[in-house]
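Each in structure tokens, the structures are laid out below.
Consider the two complexes below, in which chain A is the common component and chain B and chain C are the respective partners.
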Partner chain A sequence: MASVSIREVHKSFDDTAVIHGVSIDIEDGEFLVLVGPSGCGKSTLLRMIAGLEDVNDGEIAIGDKVVNHMAPKARDVAMVFQNYALYPHMTVRQNMGFSLRLRKADKAMIRERVDSAAQILGLTDLLNRLPRQLSGGERQRVAMGRAIVRDPQVFLFDEPLSNLDAKLRVQMRTEIKALHQRLRTTSIYVTHDQVEAMTMAERIVVMNLGQVEQVGRPLDLYDRPANLFVAGFIGSPAMNLIEASGTAGSATPAAAADDGTALPLPADIRVGEGQPLVYGVRPEDLALATNGAGVEATVSVVEPTGSSTLVFCQMAGQEICAEFQERHDFDPGETIRLMPRLETLHLFDRESGQRLNA
Partner chain B sequence: MVDVALAFAPGRRFNPWPAVIFISLAVLALLFLAPTAGVLLSSIKTTRDIALGQLWTIPSELFWGNYAEVLANPAVHRYFLNTFIVTAPATVASIALGSLAGYVFAKLPFRGSNLLFLVIVSGMFFPPQVILIPLFRLFNAMDLIDTLYPIIIIHTAMGIPICTLLMRNFFATVPNALREAAILEGANEWQVLTRVALPLSLPALAVLATLQFTWIWNDFLWPLIFTQSDEKRTIMLGIVNLQGQYSVAWGVQGSLSLIASLPTLIVFLFFQRYFIKGMTMGAVKG
Partner chain C sequence: MEYGRYLRGWAQQALPRLVLAPSFATIVLFVYGFIVFTAYLSFTNSRILPKFNLIGFENYEKLFGLRHWSTAIENLVIFGGLYIAICTAIGLTLAILLDQKIRAEGVLRPLYLYPMALSFIVTGTAWKWFLDPGIGLEQTLQSWGWASFEFDWIKNRQMAIYTIVIAAVWQTSGFVMAIFLAGLRGIDNEIIKAAQIDGASNLRLYARIIIPQLRPAFLSAFVVLAHMAIKSYDLVVALTGGGPGRATEMPATFMYSYTFTRNQMGIGAGSAVIMLMMIAAVIVPYLYAELREPRHGR
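Showing the complex of A and B:
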């Protein structure tokens, strides 16, 4: 096991810069998730750590060794690929033992390590099968087994679950997390799925356009997104973001949406008159208001999920989503009043996109 | 046949094309098979039968004498040995070199590699007649005339373009993730080629082995140019050599022709089990 340190790393393909000075420190034994939309540079960063892509500028260190110019095999990292990359002509046992055979390891030792990894992953009965005789989930497990057998310093996962169906993905998510808790090997996991990131990570790095937007623990990112991008990216259904500006004249601070609808603000916040804002409220932080309080909204669609009810409506001139734990049966076109929870309100500067409230 | 049946199925509009195509192919097949049938018939007839002009008739009795004569002839043994000495190394060497080049073009491209690939593949389009005289002078200067070396070297060189083309295209279908996975696991490029890429390319290798073996085994031109003595002749020249000074031994030639085509048939039968698709299935999600 080892820590991984990424310092001011830059990468371009021909004239197109894809990573613009990224710095991240990953602690020994940590499970770090790199998350971001397609093309944000997260997979490129992972491939640079693996040594499959050159680093144009900056430094990558594994343990206390700078590995920029080190061959992939000398870095002692194991990677699990999105499309498994199992050798189709080798059995599961041969696939898992391939790296040890390349190192000319003792046959008995290879057998022992493969058997032990197979047992951890529940692959013991499949050891003599070929990859094409396995299901998607089993193949993914073999790909992980191949990584475990090597006992590397760092595990790299490149969207390993995106080819699996939804149910299997949830199951494998738990398995990978349990595996990490058992082995405590430093792991860097790339995904575009924020739910995967939230559920698996000890820390999340949110990336966008080749830059780090925010680093933090999953719930910190959820509760206090540093900017508009993170606010919109983390959370499902996504946070409602309403364009508004500060209003003056009353004793308590207030804001108005662009269509003039008054939006309540917490008492401890100071906003200037006319200051352009983005008013962020998570769907579960909207409650049904009574006695004329709150903000008026017109229901457009109701989606019961069983555990909760999602109500999509027009509020302050915008399509928003509210999530209720209790069941409601609103009709489309019905007018309701919604009250945002002021303690969990998110305010952003419209121009810089940065968070305004503490 | 199913298509033909469908063409006449009741309730459908008559579509003449399946029938036309079937009949055309049947006629073509007959035309192509006729010489082989003729050779087979000649090989089991006596010289007298053949001399009577009954080339296409079924022989009155099966005559195995031609085969016995050919198989007992020490010259024929030598022809076989010489052909094998040429064919085996040239087949192996052209496929080995083509695989190496194909791997580089498919997986390790460099500046100008596409152009170089085109240059190599364009080697296929040179007719042998164009390079015949320069090559003769070259090997003559090297004192290699009437040896088997020029034939081995030329067949190796002339096989490289097709081998490179086929192997490059096949390696291109082997997912890059497999190479990257192997490299991360500690393999060098040679190990990626020999332990991952080549085992997955058995269908392409089998096709090439069959093609190259057949071409080289059946070649007439290059041995004719570069060998002179009967000790160095290959089997195709041997068939011609078996004719007498004043007579043509059709029966003997026919039987040797059939025996000479056996090795290519055996090679085909051996390799055809590798002509299978889906070797890369299960490597990656697809």
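Showing the complex of A and C:
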């Protein structure tokens, strides 16, 4: 096991720059998730760590060795690919033992390592099958087995669950997390799915357009997104973001949406008059208000999920979503009043997109 | 109205059959009909013209007693074996080299394929001149001052069959390369990356991961080359004419000369049937495997 550090790494394909100076430090034994929309450079970054892509500028170190110019096989990393990349002409046992065989490891030792990995992953009965005789989930496990058998310094996962159906994905998510808790091998996991990132990561790196937007523990990112991009990306259903500006004239700070609707602000915040803001409130932070408090909203759609109720409505001239733990049965067109929880309000500067409140 | 719709429906159904019927009938008559006719003739005592007196397996007994026929079969074994092996080796090597993301691939690929566009007659004639000791390679190198250089295989009874191998390999290697190149392009790039991370050197990568996955390409190449070897006729005629003497006689040239110039139509037909069976032995298992096994998506 080893730490991985990425320092000011740049990458471009031909003339298109795809990664603009990314720096991340990954601790020994950590489970780090790189998440971002497609094209944000997360997979490229992972491939650079694996040695499948050159580093144009900057440094990547595994342990204390700079690996920029090392061949993939010299880096002692194992990678799990999105399409599993199993060797189609080899049995499961041969697939898993291939790297050890290349290293001319002792036959008995290979057998033992493959058997124990197969046992961890529940593949013992499938060892003599060919990949095409396996289901998607089983292939996925073989791909992980191939990585485990090597006992590498670092595991790299490149969207390993995206080809699985939803139910299996949830199950494999848990299995991978459990596996990491058992092996404690430094893992870097790339996904575009923020739910995967939230549920699996010890730390998340949110990337966008080749840059790191924010690094932090899942709940820190959720509770205190550093900018508008992270605020919109993390969380499902997504945070409601309402364009507004500061208003003056009253003793307490206040803001108004662009259509003039007044939006309540916490008392400890300072906004200038006319300052362009984005007012962010998560769906679960909207409560039903009575006695004319809160902000008026018109219900358009109600979606009961069983565990909660999602209510989509028009508020301050914008489509927003509120999530209630209780069950409500509003009619479309009904007017309700919603009160944002001021303690968990997110305020951003509209120009820079940066967070304003602490 | 009702009748019109019926007629249109009938026409729509029948049209494909109507369009295909002439070529289908032609094929049935001229390919399969004449196969049956030839097979029948091989059991008759036909000489210069077809006769219909059945004489059982006599022609086959005579055929396998002929020194001439066994030479043809021996030559086929030498030629076929070397031709298939060398073409496969060169084709695979060229394909692997061409697959290294080199710059001039677009120019080189058609260059290698080009010989395939020539008729075997052209190839044979060109190589006949090139290999002729009096006017070709030997003469040229000697006139340049390498007086001791000798390359007279084409005039040598022992070696002449190998000149046919050389010319045939020159013609077909590029085509085999195209088969392998398509196979290489079909291999999932991620699998190659996975093998690199697993620690495979380039040599191991090809030996253990890539070449084993080219099995379908090997099979296609083998079937194409094997049937071309068995029916090779024009190249032999153009290059050596079956000579010197009968040193490069092949089953196809044998069949032609016995049927049409030596007035032994019965024996010629017998040799044709044997060739058909050889080709069937190659192609039928291939077709069977191809048609039976549904393609697996990976």
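The rule is short, and it goes like this: the second predicted complex is superposed on the first by the 358 of 358 C-alpha atoms of A that agree within 3 Å, B and C clash if a C-alpha of one lies under 4 Å from a C-alpha of the other, contacts with A are read in each partner's own complex, and residues count from 1 in each chain.
We take it that a contact is a pair of C-beta atoms (placed from the backbone, for glycine too) under 8 Å apart; a residue touches a chain by one contact, two chains touch by 3 or more.
Being a predicted model, the structure only gives us computed values, none of them experimental.
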- request: Would you mind checking whether chain B and chain C clash or fit side by side on chain A after the superposition?
  value: clash
Task: With the two complexes superposed on chain A, say which partner A:99 touches: chain B (first), chain C (second), both, or neither.
output: both
- prompt: Which of the two partners, first being chain B and second being chain C, lies in contact with A:163: first, second, both, or neither?
  reply: first
Query: Of the partners chain B and chain C, which touch A:52 in the superposed model: first, second, both, neither?
result: both
- prompt: Just chain B (first), just chain C (second), both, or neither: which does A:136 touch?
  reply: first
Query: Which partner does A:197 reach: the first (chain B), the second (chain C), both, or neither?
result: neither
Message: Shared contact residues on chain A, chain B side and chain C side combined as an intersection?
response: 50-52, 72-73, 77-79, 81-83, 85-89, 98-99, 102-103, 131-132, 146, 150
Statement: Seen from chain A, its contact residues with chain B in the complex are 50-52, 72-73, 77-79, 81-89, 98-99, 102-103, 130-134, 136, 139, 146, 150, 163
Query: In the complex formed with chain A, which residues of chain B make contact?
result: 175, 177-178, 180-187, 191, 195-196, 199-200, 278-286
Field: chain C contact footprint on chain A (complex, rising order)
entry: 50-52, 71-73, 77-79, 81-83, 85-89, 98-99, 102-103, 131-132, 146, 150
- line: The residues of chain C that touch chain A in their complex are 188, 190-191, 193-201, 204, 208-209, 212-213, 215, 296, 298
